[in-house]
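What follows is a pair of complexes built around chain A, which joins chain B in one and chain C in the other.
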Partner chain A sequence: MSEFSNWDIIYNLLMAARWTVLLSLTAFVLGGLVGLLLLMARTAGGAWVKGLVRCYVELFQGTPLLMQLFIVFFGLPLIGLDISPWMAAMLGLTLFTSAFLTEIWRGCVEAIGKGQWEASTSLGMKFTQQMRYIILPQAMRIAVPPTVGFSVQVVKGTAVASIIGFVELTKAGTMITNATYAPFTVYGFVAVMYFLICYPLSLFAGYLEGKFRHVAR
Partner chain B sequence: MSLVELHAIHKSFGELQVLKGINLSIDEGQVIALIGKSGSGKSTLLRTINGLEVIDDGAIIVDGKKISDRDADLLGLRLQVGMVFQQFNLFPHYTALENVMLSPQVVKKQSKADARKVAEEMLIKVGLADKMMHYPDQLSGGQQQRVAIARALAMKPKVLLCDEVTSALDPELVNEVLAVVRQLAEEGMTLVMVTHEMRFAREVCDKLVFMHQGRIHETGDPEEVFASPKTPELSSFVGGLA
Partner chain C sequence: MAYKFDFGAIVPHWELLLDGVILTTELTVIGAVVGVGLGIMGAWARASRTPVISQIVGVYVELIRNTPFLIQLFFIFFGLPALGVKLTELQAAVLAMIVNLGAYSTEIVRAGIQAVPHGQIEAAQSLAMSRLQIFRYVIILPALQKIWPALSSQIVIVMLGSSVCSQIAAEELTFGANYIQALNFRAFEVYFIVTGIYLVMSILLRMVLKVLGNYLFERRRHV
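Our next item is the complex of A and B:
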């Protein structure tokens, strides 16, 4: 067995942390896009569409992320779709993220007063124009703290992907621990790295809040 | 021919019948005041003229064309009929200028330069030349309401609806808004307003419409109507205010 210096540990963890960042970003961006579409459906759709979106949200909020990943990873092969750990993790986290963001953003859209809808309607705007120019810009500001707060949950949620064999930060930590027998040191570094990813997100939230300050409170 | 004609307008909210067959014609350049107690249906009537409330029965005819409840028709209606609200409803994330420019750009697809020209013209007209770059939360209620009027005017509507435009204002700010409305009336703008400012209605309006329990109860020249109300309801309404 070869010797690991602290620098070897950090180097290997950093390499794996790239996958944590990539997985988080992908899940957050794709989840955000799906969430936006679901939000539109939830806001403008008929009773049927609204009901479907609500079921979707409840389903993902009411089950553990771990189970969602297991079902994607072990379930899709049963219907003949072979799926890599990376694809499974990305798909699972995207679905999970979209459900939570839809629900967070729905609350923000509903917080915008009826008067804003009526004024823009009376000026001849259509639904998509109202959303784009009036409702979403205002909803975005109130959405920043919970959205960024949730993005931190997504980053930490990627750790679950280690269970299905995807080598991200946590899985790399486990592998290095198995080789070095120094769990405290290794997991200490792992924790620091998660913190270094998550803390800037909080700073970013503060910056965005300042930027959108001209919104009714 | 009237600019806007309302024929037998019916509207219910659930079990509650709010409008029970309203007939009203609005001529070009006419200034009409809708008065009546709260719950008489006057605000609902005003909102049907701009399609904010979709009618259950009856017909709205603008410039000889019947408005159906299809989206395209309602959109066309709103391009001809502007509206100013009691609560201003300015867009808080845009400056006064942007508030006024937005719809001409987005809805009428005007160029930014054209929209800006019209917006500046309208803001100057309502006396806010020095407030164009201010956000709504930096303006007084009276200034906000004047921006709202400029915003509606920038769409060049044929009719402007005013829904209790001074009711949310502090007393000392009421006059600056009424002065703008009076100026519009004098310039020949077609106006329909729900108002509790009886003296203003009497001075500025050509026609007074008194609503009671979802119907037009009495209508006529403001001077005559105020001087000699024909129905006991109007008499007590006017008397209660004097």
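Our next item is the complex of A and C:
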């Protein structure tokens, strides 16, 4: 039986927390890119493209993240793709993130007045130009606070990846608990670490919200 | 080596899934009712004139909102026995859901309270109503009505989040799915079907909450 001091616990958890951060960042960036594509499809596409994107969003917002990860993790091997827990977690969280960000950003694009679209159309701008020069620069300002706020959900979502066997902060906590039989201490430290990652993001989101409030009107 | 899907392999175990659906529903109902109640009390305390009370509630809200539900669950189920508080899987699951929803709904209800026009509160004060009376008769219903959609979404999120309660062996829907796939190794089929069940449940729950909201706030709409 190995002796674990509190410092050993913290050290090991910190090592594992790097994976939590990496998974969060990857899912957030890739999810943002996919979300942007979906947003374009939803804004520019025909009725059935819009319907399709709405179904996609509904599907990911209406089912547990754990089920989404299970389906990726157990489903992809069936079509011959050998997939590691890391790949499954990354893919699942990316899809999850893209659905939520698309929905958040759709609200922001819709908040831009119709006159802006009409004015830019009358200047002969194409859709890509309208988006690039007129709509997105304005929508982005209102989109920043809720997007930062959602990043907290992504970080917390990575905890679920522990269930498909990806070793990040939560999984490391479980493993250390199994070795030390000190769940109170270990999960306490784990909670503190999540808090230290998430709370600054929450504060930042709140700060941005205050700063951009006058823009939102 | 094409895999042959066999969704029929799930059929013999339908009772396990039904039990899971029932338990998930029970957890959600208890969690939602007590959790929202806790949230209303939290919002009331947050508006308290004693700074200490308001700050304690503030710390609770931030702690819960910035840590994963899974960790809260593990802490309650595995950690609390160290303090002499022993809970069964179901008690731990429902407690975690209450504590979690309580924090979120504190913030949501608080936003609703802030949206109540100040003139109405001043009018109530000039009628010599006590703080509790003002809260009960003037503030809370319009506040809840205002934030009902946000509160409904949060309740759906908690229902979906309860799927991780399978990890402490609370026998809800996901636990049933895990059990079935351990019996027949049809992991994909089981999870596919259970995902569908969750989707239907979340759509139904949203409808129920909408109807409930209409019923609760009906009186006000006719005024």
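Methods note: the second predicted complex is superposed on the first by the 203 of 217 C-alpha atoms of A that agree within 3 Å, B and C clash if a C-alpha of one lies under 4 Å from a C-alpha of the other, contacts with A are read in each partner's own complex, and residues count from 1 in each chain.
In this text, a contact is a pair of C-beta atoms (placed from the backbone, for glycine too) under 8 Å apart; a residue touches a chain by one contact, two chains touch by 3 or more.
Remember, predicted model here, so these are calculated numbers, not experimental data.
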| item | value |
| --- | --- |
| First (chain B), second (chain C), both or neither touched by A:162 | second |
| Chain B versus chain C as contact partner of A:118, first or second or both or neither | first |
| Residues of chain A touched, compared between chain B and chain C (which is higher) | C |
| Chain B versus chain C as contact partner of A:133, first or second or both or neither | first |
| Touched partner set for A:93, first chain B, second chain C, both or neither | neither |
| Touching partner for A:9 - first (chain B), second (chain C), both, neither | neither |
| Common ground on chain A, meaning residues reached by chain C in one complex and by chain B in the other | none |
| Chain C - residues contacting chain A, complex | 1, 3, 5, 62-63, 65-72, 74-75, 78-83, 156, 160-164, 166-167, 174, 177, 187-188, 191-192, 194-195, 198-199, 202-203 |
| Complex contacts: residues of chain B adjacent to chain A | 50-52, 71, 75, 78-79, 82-83, 85, 87, 89-93, 102-103, 106-108, 135-137, 148, 151-152, 155 |
| Chain C-facing residues of chain A, complex | 58-59, 61-68, 70-71, 74-75, 78-80, 152, 155-160, 162-163, 170, 173-174, 177, 182-184, 187-188, 190-191, 194-195, 198-199, 202 |
| Chain A - residues contacting chain B, complex | 113, 115-116, 118-126, 129, 133-134, 137-138, 141, 212, 214-216 |
